[in-house]
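Labels run A, B, C and D following the written order; every chain starts at residue 1.
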């Protein structure tokens, strides 16, 4: 979508104070086949797993996904057919289970499915989009092969004579973000590092916000310094406890390392990698009636354990 | 100072975790005659009045001052000879006492003492400086006379074909900022709007941070989401309660409207405007032994009253 | 005009121009009163932003400036100034509401300098966020007291762009915001011709003659074929408004 | 090398290279252990930053990635990722500490692809923040296991720039960070010639022969006239280190 069209999308939408609470099913209908979608969090921290789970269930196809670093969810998005292209700085599973074999299968078979940028490069694409400018200069990636593969243009600053690269803005069709707290209007409060979620929320033309907990607007007004996603960016709000599980949500729960390990180790050992992930999707994504049933498959013990470990102010 | 020199200034300084507490007198010696200085706050909110008070007492000369909107402090900086040039989007006193006659006297006599930019334009000059880039594109100021008077260069985005202006970065020699809370390392927590203070702290080569209250580093670690000025930006920390008085400090005290009125109305009625400000400076700036004595001239009643009115969570 | 002041009239006309659900950047004084009045009367989902970092605050005591803690009272967020201004550039601000200023035929505003910049007759405070609002808000409303010295053929200095030299000049320069849509004065309402982008009288307030408007305008002012008379403020509108400024700091008789 | 593993040796050499007061961007694994070890041993004022948003955290349980809450434990601030990476660009990061990777004679690192990009033999995970660190950190240290397939004449893909084609190539392209200053391996320490910007062996660890280094390097490696032998890790250094990784997740015997 062009720079002007992306601005027009913001101009035209209803940004006012209205109740934006909805169901996960309904919220996800904002995402259309072929859309460019920014996904919040970073690697396996604060990934909006629940919203991606529903997108996979709704069988959206051929999305271009922007995420600062991709983790396990990248496997699921590729194998389900949801993701046609990953735009990221890093793509693998966890650290202990080696390089993602799913990423390798897709990217080695068709390199155009994985567009690599440096982390700052991708950050600045979203940042420029958030700032309402079509491009922004940077020193990063100069001279590297990423400069060429990303098709970046050189730029000489007319004031200083400095050589830089220009990174083009990106304005995704939708951003999907998970916050610890939000109100019904869409004021989101992310605790811990906001990753690129603030930039994504401003850059995207529409925003789906899932949250651990909906709070009263008066609580937001009591703690305005903590609001980092303002309501006028947001189009749908869904309360979704454990919405990042089995990834982590800062201050709420740690990653479910054991469950991630079952997946990671299983994939490592499987002969048919794609088949293994398809079975995983079948069991955990397509079969459950709803997100609570999904969580039930992992069990209460895991939820309690990750919660206990995830406490920030633990002694 | 050139883009490269400003980077080198950051590269070379000791940015580590060390006790940076010092006295107001000592901290202000970082500012040299002729320096470019970013001043925190906006109009009369969270102005670092105490630090400016000490700069005026130390008779620094010919500074270029960057402030998003200038208020009463602009009069004092001009008349004391501290400020040779104001770079700002707006320069007057308060709202009730008309256009600042001091600003008019200086700027009508020598227009080069007041460089006007739009608020976003000035914000982006500091933002680019903070981001470590020498310039940044914007749509603001296009076609206006500010484009010409600020000497801004046009720019065509090579990706979108959009016409924009390039705003040159500024990296002030020093930024002066007042926060509600800080630790000895210089981790500053600003509550309420941070104005352009975060950008200024990153853009400047040195940072003087005055604060209402020094807190233990463990308090900072308990509330890391509230830290908006990280320690490695900061070079000196000074505990200075009522450090914005008679301006306001969000959540701590409102402006001392009555005292500002005495100044504003007095200036309005004075025949010799410059003489009036000189007397004001003599009485409130040069004569007091220290900042406590300065505050004493306004009296306990005003401090208590502004504090009472400044409470955020008042019933 | 016996039962309301020019300021009250303008604030209520401003309030009526605002719609529910809009995001409004409002300056202190009459624009802010218009926005709060609209919230009370017909636009509960309208949200006000302030450049200092206020996001949909709940205004109590009227702030003397939009740049102080009173403008951030019960705000839903407290963004940095640069982020507030960038919301404009990204298209999030539906209405930029500017106060009185020197304004010309094409809606350009001068708040910088009367006379030549090199040798000013009067140096004014400057833009603040007004240039950015005029550049990038999706539409701009202006409230101004109607007098000849304010409504000039050509401003001495374009601080904030309207339609520049008229016609397609604004679009050609690359600006994206819609520009000035409406000027509300104590005499009537002015809009801009879609071709020439020249200010045109589209409505007069009750009891105001076209003659009076022409006399108080510093350039030849076209009049719309469909000139209307505005509906005077209702008692309900006036009562709601007066409750917002009980000390009548902004609503008093006379110019503003 | 009986009393310590190659990983332990490298971490301690890395720790010694760090100075008090430095701001260090460290990846998970050995670089992070070096930085924490330096803090404990000789650099209490050294601060570690993580791209996810950690600022001088107090690491407890070792994180499996630097991008999780464990890396933000008792952090002094939690900036956005873009802001963390921009600190690099502004010059705030004294040392960028990168882990093992394919590295060439001029210090260029490949973490993207083995073989041609259009038809990869192995697609690797990619840069993460490594390109940005290599581009803009004031200096870069690399820890790598020393083997022929890692130390190559020319990397297939320059993910992160060292000195590019050597000589003045890095400066000429406009990069500002200092580039790779030191490569620490389990065999010795390598630095870059100030003219050619080619990797040069400047020290070997106790018990390591030059011959062994040459055998395990995939290009002709110049040796410094002033070749030194490093001082082996002390008991104190080893004890401190082992306390940081009691499960020996990272410090175990073998390559890393």
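As a working rule, a contact is a pair of C-beta atoms (placed from the backbone, for glycine too) under 8 Å apart; a residue touches a chain by one contact, two chains touch by 3 or more.
Note that this is a predicted model, so its numbers are computed, not measured.
Novice: Any idea whether B-D or A-D has more C-beta pairs in contact?
Specialist: A-D
Novice: As a quick test, compute the distance in whole Å between the mean CA positions of chain A and chain C.
Specialist: Computed from C-alpha means, the inter-chain centre distance equals 40 Å.
Novice: Determine the centre-to-centre distance between chain A and chain D, using the mean Cα coordinates as centres, and give it in whole Å.
Specialist: 29
Novice: Please compute the C-alpha centroid of chain C, do the same for chain D, then give the distance between them in whole Å.
Specialist: 58
Novice: For chain A, what residues touch not just one other chain but two or more?
Specialist: Expected reply: 4, 132-133, 138-139, 162, 164, 191-192, 225.
Novice: Please list all residues of chain C that touch 2 or more other chains.
Specialist: As it turns out, chain C has residues touching two or more other chains at 72, 78-79, 86, 88-89, 136, 176.
Novice: All pairs of touching chains, please: list them by chain label.
Specialist: Those chain pairs satisfying the definition are A-B, A-C, A-D, B-C, B-D.
Novice: Show which residues of chain A lie in contact with chain D when the two form their complex.
Specialist: 42-45, 68-69, 88-92, 94-96, 99-100, 103-104, 107-108, 111, 114, 116-121, 123-124, 126-127, 138-146, 149, 162-164, 191-199, 248, 250-251, 254-255, 257, 310, 312
Novice: List the residues on chain A that touch chain C in their complex, please.
Specialist: The contact residues of chain A facing chain C are 4, 7-11, 14-18, 130-133, 183, 185, 187, 202, 217, 220-221, 224-225, 227-228, 230-233.
Novice: Quick one: in the complex, what on chain A touches chain B?
Specialist: Touching chain B: residues 2-4, 132-139, 153, 155, 157-160, 162, 164, 166, 168-169, 191-192, 222, 225-226, 313 of chain A.
Novice: Quick check on the complex: what are the chain C residues that touch chain B?
Specialist: Residues of chain C touching chain B: 28, 51-54, 64-65, 67-70, 72-73, 78-82, 85-86, 88-89, 112, 117-132, 135-136, 157-161, 164, 169-170, 173-176.
Novice: Which bits of chain D are touching chain B when the two form their complex?
Specialist: For this pair, the touching residues of chain D are 20-23, 44-47, 55-56, 58, 72, 74-79, 86-92, 94, 136, 138, 176.
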